[in-house]
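Following are the structures in question.
The same chain A turns up in both complexes below, where it pairs with chain B and then with chain C.
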Partner chain A sequence: MKTKILPFIFISFFSFVFLIFYKGLKNPNIYTPNLNVEKNIPIFKAQIFQKEKLISSEKIFKQDKFYLFNIWASWCIPCREEHIFLTQLSKQEKINIVGLNYKDKDENAKKFLSELGNPYDIILSDKNGTLAIEWGAYGVPESFLVYDNKIVKKIIGPINEKSFLEFINLLK
Partner chain B sequence: MKFLKYTIFIIFSLNINLSLAQNDDIKSEITKNLRCLICQGQSVHDSDSEFANSLKLLVDKKLTEGLNEKQIYNYLTEKYGEWILYDPEFNENTYFLWILPILMFLIGGAIILRLLIIKKS
Partner chain C sequence: MASLIGYYSLIIGLFCSLLTIFYSIKNFNDNNVIKKEVLFFTFLQFFFVIISFLGLIVSFIISDFSNETVFNHSHTTKPLFYKISGTWGNHEGSLLLWLLVLTLFIFLFLLKSNNQPKKYRILTLAFQQIIITGFFIFLIKTSSPFNYIFPIPSEGLGLNPILQDPALAIHPPILYLGYVGSSIIFSSALAATASGYISKDWAKHIKGWVLISWFFLTLGILLGSIWAYYELGWGGFWFWDPVENVSLMPWLALTTLLHCILALEKRSILTSWVIILSIATFTLSMCGTFLVRSGILNSVHTFANDPDRGLFILIFLFSLIFLSLFIFFYFHKNENKNFKFFLLSKETSILVNNWFMMYFLSVILVGTIYPIFLEVISSEKISVGPPFYTKLIVPFLIPFLFAMAIGPKLKWIKSEVQNKINLIIFLVISFLISFLILKNLNDNFLLNSILLTSAFYLFFITTKDFMIKKIQNFSQNLAHFGFSLLILSILLNNIFSTEVITNLKIGETFKSKNLSINFQSIDQKDEQNFKSLIGKFEINSSKDESIILKPELRIYNQPNIITSEADIKISLLKDRFITMNSVQNQNYFNIRYQVKPLMIWIWISVLLISFAGISSFIRKIYEN
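Then we have the complex of A and B:
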């Protein structure tokens, strides 16, 4: 009897371990950010694009209004795709678009804006990329919908038609 | 008198170097424990990507602001989640991971001990 219990324990233990590893194999091992968490926006001071002046976050984000915080750069190709949607959103009255120019040359950024139009109410400059990290971003483009100093929605990658329509619905 | 002045100056400047070096040590220790989120299988310390470089700068900035290692980890997990740390903390999601090796060791030891006892008797 004793000799039969031991193999049974062995087999069940190894199949248990195998199951766990097998399940673990299927888990994605790339970073998948959590998109639906309401978080407070970071408090920061940033340089205004093409100006020496610093502006604090309290002065940009006010309560009872929607803000779209959009991280962009002239060297980023998907940013060109989403630009049409940003331009359309900028026509909406209920939302302000705040741009963060990420690791970019002022000259190129200026050219980008004169070529495609400027949908931003204010543009901040992030030359070394630390401000983007304070927002929890990890690439460009990335957009955060802010309401009442809270991040309501986060979009990784360019804004597409689907996310654009979601924004419009939220603004109604 | 002049000699004294010079020695004080030299000792002082060496001390500054020492404290700078210590800050660098902590920085590399922290960045080695941070996962570069956009590169596969590399720590922030090893990577030269845009994201990693910015993160290194941010760690530097936080250290000069006076935050310690743990506070910086907390700050970053708040932004990016536990995934950014290579050394996961002990909580309800990871307790199995931490306990499993000890459990295996104990069970294995018990089995060996039993076999030995059986053999002896």
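Then we have the complex of A and C:
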């Protein structure tokens, strides 16, 4: 009896794998930024950069404001490119910039900020990269525009002139 | 002209395949010798594939841009060496190379298996010809390397500069020898199952093929890894990229198979394991080809992709899987159930090794293909990175290393652990050493120290065996010694690597507590197909004398791509590694300086491991 069941299991398993691969072939493999309209932000607790203290997400995003949740690291070269836009945005009243320092050494991150300036209202530390996963980030840099605890827009890769102007428009 | 010859040779090669299959079927039941026709057509096929391959190489050398493959991947200013290596630096050419090795191996197999039963030989040939036919059709139909373009372009598009590298020029051929070697094991295992020849004799005969594919696979992975280390500018050697994973999975299966073959050869046990692993090794290689070539995953090795290709390999792959499932379940009779495994015996330790290996293999398999499953089922996109693999693999490494230290000491059937006091003394020494090395470390002290203890333990035990036993079991001792050295170097390298990332302009100096990096000057040089900017950095650290490092930025003309070449100061204890990158529109350069301890020992240990494979092979030939 046993010998009859085993081949059956194997065959159905491999047929299933075949089907998945077959469907997977039709999916485009290039990651395109998709608009996660009205998706709630995750609820989390995170360590504040260079402090032992933990802060909860409700406290960070409590104001009636736009928040730009920006994932960055000192080792990430494109982060340097987008930094200038972040600095400009930080001068805007209606937006708070929340930084998530991703898999970084505090020392290097500090150097990065002292060299290029600190546009962030608050910086969270994500030493092992789990928080970025909760946000569903693909990599560094990545930014989420948050309003009323919802993700309004998601930018994969560095913020460029185009997305910067879009932000400015939204803030008007 | 060369392309035309190449193309028609391929067609003739395909016909040889069909003729060989035809004659093998005819020959199957008549007498005890293989007909001359079968041998003749196998040779003829090999010959025509060589002609075809040479045709492509010649097209590349003379820069014949009427050939689409040459046009897409070559350029007149490229050095001759890279014109030739460009032949297999692309999808079409590499498949032709794959086919070349397939036909070469089956020809060698027929020559070298004279003393084996005829039915088994004919069946192996038939299965191998099925694979070869599949590849012929794939090549001719979806990815012909000999497509003609008109009007003839005057210049080619050039080879991707990161592929213009000596290690990478020989990486594909070596790796393919390993992958394709596993196809012989696959066909032979199916043939042996179908003809009821799974036995000690078969194990003895196929062991050589296992060793040779294992040797090339190990070496191929090593070359790819060395290349990634100095060319990609990350300073790492393994990124858990899907493509690296698909080469590691067949390696794990093959390594396990190597151990099981021993058990089969000596004790006629683990037959199901051997068959399944033989099938799995090649299926995993093919699965890797599918994942990489179909473009279902994004990676460095993704060539311009075309859904037809993916579909073809997918159907082909699963036909092979279903064929092998059928043969396995229909023909394979379970081994003697009365066989008793004693807890302390070589058999048990091989089984333990098998299960650990299968666990590592499954982790990697899941990590590699899970994103595809998730995307299809829930259209969510994720990427699985190093933390996943570290979390799931590292803890299990500890018992694995201890088992590896004890296992090889056990004898077949039933055994006892000897020299218990010795073993305990070594354990204490290993723990003390790990403690001393790690005592200044804050995070993860417990896990790291246990891990390091197990690695040192294996290292000492294998070193001792290596010294005492010398010639007896030389290959096994060498391989295990190499493996312990590898794990130890990787661990220490991981724990003690340091890096500095900073932006500097010419004349500036970066200073920290015990390190200063001075950016002295920058030089320009014109080469045949690129311009290069060479930075000159003086590095002073409190521990060592000062050194000068010269990383390079290369601006290739065809295609127009900037690559960064690391400069590495290699020493026995540590590598000092520097890369520079330009920062857009600024006169600053982004500098990445890393100190990586024991890097060279990682390479040396893998070389030792692969050398163990070849030494065992040579010994096998010598014994015959």
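The criterion applied here is as follows: the second predicted complex is superposed on the first by the 139 of 172 C-alpha atoms of A that agree within 3 Å, B and C clash if a C-alpha of one lies under 4 Å from a C-alpha of the other, contacts with A are read in each partner's own complex, and residues count from 1 in each chain.
As a convention for this text, a contact is a pair of C-beta atoms (placed from the backbone, for glycine too) under 8 Å apart; a residue touches a chain by one contact, two chains touch by 3 or more.
All values derive from a computational prediction rather than experimental measurement.
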item	value
First (chain B), second (chain C), both or neither touched by A:Y138	both
Partner chain(s) touched by A:G129 [first = chain B, second = chain C, both, neither]	both
Which of chain B and chain C A:I77 touches, first, second, both or neither	second
Contacts of A:L25 with chain B and chain C, given as first, second, both or neither	second
Touching partner for A:S114 - first (chain B), second (chain C), both, neither	neither
Per-residue contact with chain A, leading partner among chain C and chain B	C
Common ground on chain A, meaning residues reached by chain C in one complex and by chain B in the other	6, 29-31, 128-129, 136, 138-139
Chain B-facing residues of chain A, complex	6, 13, 29-31, 33-34, 39, 103, 128-130, 132-136, 138-139
Chain A - residues contacting chain C, complex	3, 6-7, 10-11, 14, 18, 20-27, 29-31, 74-75, 77, 80-81, 108, 111, 115, 128-129, 136, 138-139
Residues of chain B touching chain A in the complex	35, 37-38, 40, 50-51, 53-55, 57-58, 61, 78-81, 83, 107, 111
Touch list for chain C against partner chain A, complex	290, 294-298, 302, 305, 307, 310-311, 314, 318, 321-322, 325, 329, 372-373, 375-377, 381-383, 385, 387, 500-503, 581, 583-584, 590, 592
